[in-house]
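When the chains are written out, they are named A, B, C and D in that same order, and each has its own residue count from 1.
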Amino acid sequence: MTIEASETATDSAPIRIGMVGGGQGAFIGAVHRIAARIDGDFQLVAGALSSDAVRSKTSGAELGLSPDRCYASYEDMARLEAERSDGIEAVAIVTPNHMHFPVARAFLEAGIHVICDKPLTSNLQDAEALADAVKTSGRLFVLTHNYSGYPMIRQAREMIANGALGTLRLVQMEYAQDWLTEDLESSGQKQASWRTDPAKSGAGGCIGDIGTHAYQLGSFVSGLATNSVLADLTSFVPGRRVDDNVSVLLRYEGGAKGMLWASQVAPGNENALSLRVYGDRGGLEWHQENPNQLWFTPFGEPKRLLTRGGAATTPAAERVTRIPAGHPEGYLEGFATIYREAAAAIRALRSDAPLPDAVTFPGIEDGLAGMRFIDACLRSSDGGGVWVEP
Amino acid sequence: MTIEASETATDSAPIRIGMVGGGQGAFIGAVHRIAARIDGDFQLVAGALSSDAVRSKTSGAELGLSPDRCYASYEDMARLEAERSDGIEAVAIVTPNHMHFPVARAFLEAGIHVICDKPLTSNLQDAEALADAVKTSGRLFVLTHNYSGYPMIRQAREMIANGALGTLRLVQMEYAQDWLTEDLESSGQKQASWRTDPAKSGAGGCIGDIGTHAYQLGSFVSGLATNSVLADLTSFVPGRRVDDNVSVLLRYEGGAKGMLWASQVAPGNENALSLRVYGDRGGLEWHQENPNQLWFTPFGEPKRLLTRGGAATTPAAERVTRIPAGHPEGYLEGFATIYREAAAAIRALRSDAPLPDAVTFPGIEDGLAGMRFIDACLRSSDGGGVWVEP
Amino acid sequence: MTIEASETATDSAPIRIGMVGGGQGAFIGAVHRIAARIDGDFQLVAGALSSDAVRSKTSGAELGLSPDRCYASYEDMARLEAERSDGIEAVAIVTPNHMHFPVARAFLEAGIHVICDKPLTSNLQDAEALADAVKTSGRLFVLTHNYSGYPMIRQAREMIANGALGTLRLVQMEYAQDWLTEDLESSGQKQASWRTDPAKSGAGGCIGDIGTHAYQLGSFVSGLATNSVLADLTSFVPGRRVDDNVSVLLRYEGGAKGMLWASQVAPGNENALSLRVYGDRGGLEWHQENPNQLWFTPFGEPKRLLTRGGAATTPAAERVTRIPAGHPEGYLEGFATIYREAAAAIRALRSDAPLPDAVTFPGIEDGLAGMRFIDACLRSSDGGGVWVEP
Amino acid sequence: MTIEASETATDSAPIRIGMVGGGQGAFIGAVHRIAARIDGDFQLVAGALSSDAVRSKTSGAELGLSPDRCYASYEDMARLEAERSDGIEAVAIVTPNHMHFPVARAFLEAGIHVICDKPLTSNLQDAEALADAVKTSGRLFVLTHNYSGYPMIRQAREMIANGALGTLRLVQMEYAQDWLTEDLESSGQKQASWRTDPAKSGAGGCIGDIGTHAYQLGSFVSGLATNSVLADLTSFVPGRRVDDNVSVLLRYEGGAKGMLWASQVAPGNENALSLRVYGDRGGLEWHQENPNQLWFTPFGEPKRLLTRGGAATTPAAERVTRIPAGHPEGYLEGFATIYREAAAAIRALRSDAPLPDAVTFPGIEDGLAGMRFIDACLRSSDGGGVWVEP
């Protein structure tokens, strides 16, 4: 078990953080707040939780924010918080996708670090502009591809980097859900509504919402760069305005191949993100719904069940492990690891120290790669299913 | 539990069968012999087990064949057995792929039923010629796509036909192995040698050896016809003359989509054939290595674990079930079901009776469809990965 | 993959076998017949399939027996078959428990080998008498504790004997079913009726029907002798005349401890026989419903999934394996292994050769140990749950 | 998904909490701190983290405590905190077992609510005295039998209470670990040392450390009271002063039976707590290492996989669920639920409101029942394995 980052940071007060989005009825906002609390590194002190002034105050009050720091406008929040001596040091952006760019830019320009939900933006053009903004600002940009925070994912990445699989040949990615099997958006359900509205989510539906998670995970773990992709996107539910099922073939640099399936219309799948990677010396398999396990087969030997905190734990996994083997850590802990690492980085920047070695959270480059992937898949599929470069 | 076909066939002597191929060192020949024995319907009485006369006799003696019925040439065997009053009624063909066509044709022309291993032939031209030969002969042609003999596969097919999944949207097929991860063929291993030799296996390697199994299973269970496919075939092992990894996208009639992954270079996979089918009302999932289970999720309800012989068994599964739930039947029993059904058909034809209703074994049409699939995948991949019609 | 025993026995005709019990409506008779056929070692030529003369002939005809060898009395069958020059060499006894003893004795006295279903008899007194009869006869006595025929069970036994677990500490045995959750015997269901009738099954119900399987498996794999047991037997279903749930604590020679749970009233369990063995250097875990897998954990290392035919196969498993890894063998194959080994022994005895090394089928000693276990559990439970010696 | 308790408690400041024990090197102290943070209900403001004054200050500083609230003596802490207007409202006790009683009594007498780790005390006499102290104090006493905080455990309890299993017959409890397979205590490892020291852990080792968790879980879910137990306790590791393996038979009120196995010497088991409950209408099965799943079989129907947040979620599970199905919650979240419910109760008591309906955390009665169970098992085993009443 690892001592928590926050608990060893004896000379550091909690980091003051604000939130944009995440008011009543939101899902991911609450997740970010729990993730920020788990290791005790952050204190939520401000929010533009809703663009409706009353709702923003109500939501803020529920979270214990003081009324004068419940903003109706993110622009106001960025400006006014930047002016305060006790202003926020970081902001968590948990809005629908189309708002990521303007909100992030505003806070970066105000000198405030940004922790932003994925996908980076709702289109590639915004993404590139945001990348410029990050560069100019000198501030930290953290993208919550939270699945890369799981200890066994860190272990998989480390094992591959250390050659445990030999030369990589295959990356098989899946992310299957079933919650959009029917026309849920017509019922007014909040999550379904904005995630299937191209004006808010971007032109991609399933590809952006979950396909990009699977793609990021494959890239993060394998370390492979993508040469070309071929995608077949489908909207199965009548009337749906975005894709709800995605089949992608990938060709990686160096000759490895990949397949990626993402679906929101596969009954019996709740949040079935999985990753399998094969090389000429072995294979790895991981399933998000049982995240404390990683299957490892050195070619020609029996399959081994590696567990979080168990006998074959590697340093990269150990570093992000809180409790012993057999005591399952879950989604929130993986998410919290991104926050913990963001905190370590922010604390380092407070004192102009170099970023800690252990920091491996996804950032602007991952976000940009994800947007290029989405864009390539849309181009490929629009072209009838042809090979394109991302 | 179902009474066995053979044990109720009171007026029927065992069916006299011969075998071509399957001498010492072969794998699938022994499987066919066990499958033919399990339900007691067949008696092996003749063989051209090897084209080497001495080895054919030795192999035959081990199996208790009388020396005069151990042939060195399949042509002799077809001719001489057809002349005997106690000659074989059926022949099992378990040679490498390139011999399926000439051998099958010879026996069909001799008026002898054929039970043939898959794939049908080593190229599409032979397949079409063989289809003609079957038609002309009026004899039975059974293709041992044995996985379609599993009870839970029969149940899946029946459930889908009865609408349990609603309108189908997705068919996800996989067949992953790892035995060709290294250059096994150079070691002289018999199975690896002929299966990677285009002259014997055909132009397709993995696609023909196991990809076609997965494809047949998907088609058999879903009942969907294929409109077009796009394949990316790879030979990962240096020097290998055929593909050892196959990624395919499929578009089915009516708008359903499919993905098929077959690999012989995925360490940690022994014989990981699996099938998932999703419709607008539910999903099914099946794994060959645990074949007595079928996962069924009616959309919006908890996932159910259907078991062979268990509470929700359907007639089609019941019909091919030998022992109670919890007593696992395996690969050999599924294979034996194809033989049992072939026996029932052969017995019906003995007396010019109509074929039994329960007969659902794969035949020449499945074989032809499989060869069209292989051919289309080769054309697609040779074209750089483009959509083609099978 | 191993060449089948029968197929290498070039100079040996099939063994002529008869069957007592197993007529229409029986379960285990059909299982024995399939098991006897799988490896081609036996030919069924006679039967006293029912004590009703007409039914015996009808059942025999269905199985292709000649009418003069369909007996209504096992005594006649033993006598007349012994007189024939082509008489049976072995008999399979598949009657209810109370008939095992008289039938077995009759055939042994007629010089015919016996393959008998478990438990050995319906009470300890008969068992001891039968043991004497076996000794006197010089004939082979095979008890179909079929679960000991599974390859991974053979491997577990061999690994333990070779010290893979170090000094054994714990043996945890379970055998849970649910088919007697309700009062099925009152419906007239044939299996339920005799198995819950003390006059036919013996004083033990669940303890004899399945508890004894679990106990035999634990003993077979661990090699441990039992010092004392404490049992708490229950009849949960109102009106049931025998126990339907069994909890047992065991103390083994040398200080190891054990627990055994057998139940026929545990909804959700089909045939959930499992075994876990732990020593000071490692642990093993096996589940009958997925019999091709064996979990092995050397203490301090990751858990390994050993598979039938897979990378870490031991000689004892290899010897009883028919097909490659990933092609599941099941219940019938495990059962057939007992028959195959019986055949090898019978063939050796034909020529007065020594018994083959590989013969490890359960025999009269296992049967006697099982009856002592049942008897001890009944005494313990009748005494209120006290420690007794078996 | 449920809105978090804390986030709806708009008018409530965080609860001020202190901690006794849990300094550097401790395991469960860090768990309590994370659990207290997850839902934002508590603020840690004081501690007697170690009885060594320097270490107490150092540990406190790491956690951001102000130096004057880092106590070296729990008596001082209780007294001084009670005098402060901003003193702690509750204390978390995470010391070795033998200190639970004196520490808890001191804080209760000071009018401070107690959240205490399990088992309640190190012997039954202390436990009874503590029960009196709780009664007298009128303060809240929460025992962190954290496994009862898992959503699917809440669901199992609710389903059983609502009759989903009919009349209960069987409760099968297991808690297997392997970390004490060797003589770890001799190495000086802190956890092993005090947990195997009777002076600190009490006379029971494994029975108190984990057996009591399994017992509490069985009682909590089934609602059954225990009539008598029979235990066989073993110390397998040479030199070990307490039991490391426990086999227990149980007889419940009303005729149900139970078995409980707890072990710390079972290689391959990390934290394998499991529970199976069977009634005359169905069965349930749950495994702590995959806590988001609950298997439910209504007798005569297929097994269903119930998931946290999934299709068949019941109100009791819904109430303690934070994130959607397929996003695994783990050990820390289950633990946090106990804290969340404690917070709701403390807040209610602040304003003299009645305790909330949803409060189901374990308390002094569970602790007392656990100590009676431990005491009975020790008496039974010391008596040679006889039935005793708890």
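What we mean here is this: a residue touches a chain if its C-beta (ideal position, glycine included) is under 8 Å from a C-beta of that chain, and two chains touch if they have at least 3 such contacts.
No experiment lies behind these values; they were computed from the predicted model shown.
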If you apply the touch rule, which chains end up adjacent to both chain C and chain D?
A, B
Does A-B or A-C have more contacting C-beta pairs?
A-B
Centroid spacing, where centroids are CA-atom means, of chain A and chain D in whole angstrom:
34
Rounded to the nearest Å, the gap separating the Cα centres of chain A and chain B is 44
Distance between the CA centroids of chain A and chain C (whole Å) is 55
Among all residues of chain B, which ones touch two or more of the remaining chains?
269, 296, 303, 307, 310
So in the complex, which bits of chain C are touching chain A?
296, 300-307, 310-312
Complex contacts: residues of chain B adjacent to chain C:
1, 3-4, 7-8, 10, 13-14, 27, 30-31, 33-34, 37-40, 61-64, 177, 269-272, 288-292, 307, 309-310, 322-333
Within the complex, chain C is touched by chain D residues 165, 169-170, 172, 178, 181-182, 230, 232, 234, 236-237, 245, 247, 249, 251, 255, 257, 259, 261, 263, 265-269, 276, 278-285, 295-299, 303, 384-387
